[in-house]
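Some notes on the structure that comes next.
Note that the chains take the letters A, B and C in the order they are written out, and that residue 1 is the start of every chain.
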Amino acid sequence: MEHCILLKYIFFLLTSRNIYKHYKHIIYYISNYLQSIFNGLFMNITITCNQSDFMWRIYLNPDSSAGSVEVARKSPVASWLCAMLYCFGSYILADVLLGGCPLDYFQYNSHILLASAIWYLVFFCPLNLFYKCVAFLPVKLVLVALKEVVRTRKIAAGVHHAHHAYHNGFLIMVIIGYVKGSGVALISNFEQLLRGVWRPETNEILNMSFPTKASLYGAILFTLQEAHLLPVSKSTLICLFTVFMATTKVILTARHSHGSPFVLIESWVCHLLFGSPLGGGEEEHHAAPAPVAPVSPVKTKEEFGEGTRKRKSKKAE
Amino acid sequence: MEHCILLKYIFFLLTSRNIYKHYKHIIYYISNYLQSIFNGLFMNITITCNQSDFMWRIYLNPDSSAGSVEVARKSPVASWLCAMLYCFGSYILADVLLGGCPLDYFQYNSHILLASAIWYLVFFCPLNLFYKCVAFLPVKLVLVALKEVVRTRKIAAGVHHAHHAYHNGFLIMVIIGYVKGSGVALISNFEQLLRGVWRPETNEILNMSFPTKASLYGAILFTLQEAHLLPVSKSTLICLFTVFMATTKVILTARHSHGSPFVLIESWVCHLLFGSPLGGGEEEHHAAPAPVAPVSPVKTKEEFGEGTRKRKSKKAE
Amino acid sequence: MEHCILLKYIFFLLTSRNIYKHYKHIIYYISNYLQSIFNGLFMNITITCNQSDFMWRIYLNPDSSAGSVEVARKSPVASWLCAMLYCFGSYILADVLLGGCPLDYFQYNSHILLASAIWYLVFFCPLNLFYKCVAFLPVKLVLVALKEVVRTRKIAAGVHHAHHAYHNGFLIMVIIGYVKGSGVALISNFEQLLRGVWRPETNEILNMSFPTKASLYGAILFTLQEAHLLPVSKSTLICLFTVFMATTKVILTARHSHGSPFVLIESWVCHLLFGSPLGGGEEEHHAAPAPVAPVSPVKTKEEFGEGTRKRKSKKAE
């Protein structure tokens, strides 16, 4: 969206009004061409980011009872389908929720080819070079930051799309923006099922990790902006939210932390709204506080959940 | 539907033909206004009933390994989503089955707000007042009766809607009517998954409770009526079925019984069609008859299922 | 498709050009009539094949913790729904993936009635005569061959349908063709859930059986043909693929084998593309090779999977 505006603005500055009139068409074509290159690059970066994300999650993921590399060797079709779900899961889920065709996104053959190439490199590159490159911390930080840029744009696009379909469906806007931002995390149970893993005791809605939560809050903010209840323009909001997400995520990744900057605010809001006891930040929000959980089976379940929560929060990045 | 007819009939009686002609428009507007008030009230009652139903099922539900109140405190988003599924699950499922947009119903912001307010009161009302009020037997009986009124209307509307889309798709009419009447019970496995519970050994289609069965029979009756194979008008059928459902359900609730008035008929029909041995009524239909189940693992499974069946039948009310 | 061409060709040969001109309309009606009879017969054979397939899979299926006959007696609705899924699963899944109405196929009342009649005969025929007839080897071989004829036609129709919706969506064509060919096997996890069985550790995409694999390869071939990358006509391809599938499947059935004729080629391709060790054919592709699986829990999981794999490969025929 704002690429177009930016490019048009640049062209507007560069060319005087008169020249613009005469050379309108030429400039229009050049502008379109540049945009398409830029968008193509952007899409490639998006897919690369998603795939690298997929790789980090899957490659040495302890949740898979059989290692993922073995899954990829034994049943390449299942592994490739999972990779596609990781890449395009948010589009698929949003299409399903809006009543569209789930396979709609698969018509873009170049995106599929790029994603498949990255999938192939991740799992079958000699000496495991590709994985080592992308997992190298500086490269990883750049990809993580780019991924958050992409996420913000996807949330904004999702909210806008839902606004187009349902003008007053504020909840629909929030849901579609959320789904677009969180992607495959929301259907992780079914993605795991494809790989033969089934862990029903946890899902991304029960134990939200930082990116999922941030997507939810972002979707709410963009919905408020779309409903003209926030006194900022869309571009400003995209810019601010991108900066916030990228810096937070880069810092969290650099520190190998799975915390969340929302802990304090959430703690207070939950205390006010739901009467949760104030206190230990993350522990307070995720784990059951000892005085509230009276029965012992619940407790053991929680302790079990504690172990999976850590893997979970890693997974849902 | 029949509200309109009723109101128009009243107006027809009250006003003579001549006055009606002159004051047509005024009366039309008044009638519309009254209808909208009536429909609004009705919808509020519907949502309240569904929510109270949700509350009874969820609030102290033994199927949840972690208590639901704890789930609501720890992950309000998951709890709220479950509440919305309980309220609007039948609309969502029917939309999905007819190829529509699953989020379609969420555009009605006022319904969502009302349902959310009730969800909040159920879980976070001080001193648990709201729950105690609604669980008080006389109030509960009124709500139970109202819920059956709503159920019958939803079945009739579902059958009519499917008839509109597929004129000769009798099976489609039955399915949509059934789904509209049974609501979230049919996707209870996935609703449980959202709360981190997974019990694949039972579902509402394997062990149908009284309301689910009644919805199925009701959907078949309304489909026969829509196909002009029943010699009654739609309003009569709605009226009769509502009275039957409401009285049966009120009596069952007052007696804390989970039986079904269909047991005898079903027993005979199953005997004729499927060669099931005649006999012990409910036991015969739900549990495996001893002489038929030869292998011991099946038996233990059944015994296990026996325990869950009781909770199940409570759940699917 | 080719029926029409065939019939028109016959009529073209039988009638000289002049007579054809004059009696155009009469011949057109006769041709249409014959076609409809032929198609009707064909559809009946299709449904019979699917149902008999369903029966072989379900009737004495060891995967069901409760025997299927008991399921059918106790909850006829669940058993009937499973039978319908087996019969029309491929249509439903293809409709869902293309964004259509999942219940669309249920408008053909005659097909539903025929399928229901066969379901009734399978489970409740006196002396179990129907099952014994269809399971008699010569009859079974004929049905198996017919089923492969149907499968090939369904793959071709699926690819054509997807091509109509997305002209350049080659992946979409492959997926729809695959889904049309493999039918309910791809959603077997959810079909099992309906019967109260849940085996997440295996699915048809992780461990593809011969018919599923052949459907995938067939879908790829038909997509290449549709994209004009194969130098053969569609009719020729349908004919060749049908002959290959029918003969292979008949031989496999007669030998009670669950092998696959693709083993050697797959072994080489996997070696080239994914660096899998060459060797023991089927063992190599399905089971985890010993030197690759280092950790012991994976091993035990695999050993468990080994047992279910055999039942699985039987199931997915």
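Things to note:
We take it that contacts are C-beta pairs under 8 Å (C-beta built on N, C-alpha and C of every residue); 3 or more make two chains touch, one makes a residue touch a chain.
All figures in this text were calculated on a predicted structure; none of them were measured in a lab.
Taken chain by chain, the contacts link every pair, so each chain touches all the others. Chain copies chain A and chain B are related through a rotation whose angle, from the C-alpha fit, is 120° to the nearest 5.
Spacing of chain A relative to chain C, judged by their CA centroids, is 37 angstrom. Touching two or more other chains at once are residues 99, 198 of chain B.
By the touch criterion stated above, chain A contacts chain B in their complex at residues 96-99, 165-166, 168-172, 175-176, 189, 198, 200-203, 205-208, 216, 270, 273-276, 285-286, 288, 292-293, 295, 297-298, 301-302.
Those residues of chain A that touch chain C in the shared complex are 65-67, 70-78, 81, 95, 99-104, 106-107, 109, 112, 123-124, 193-198.
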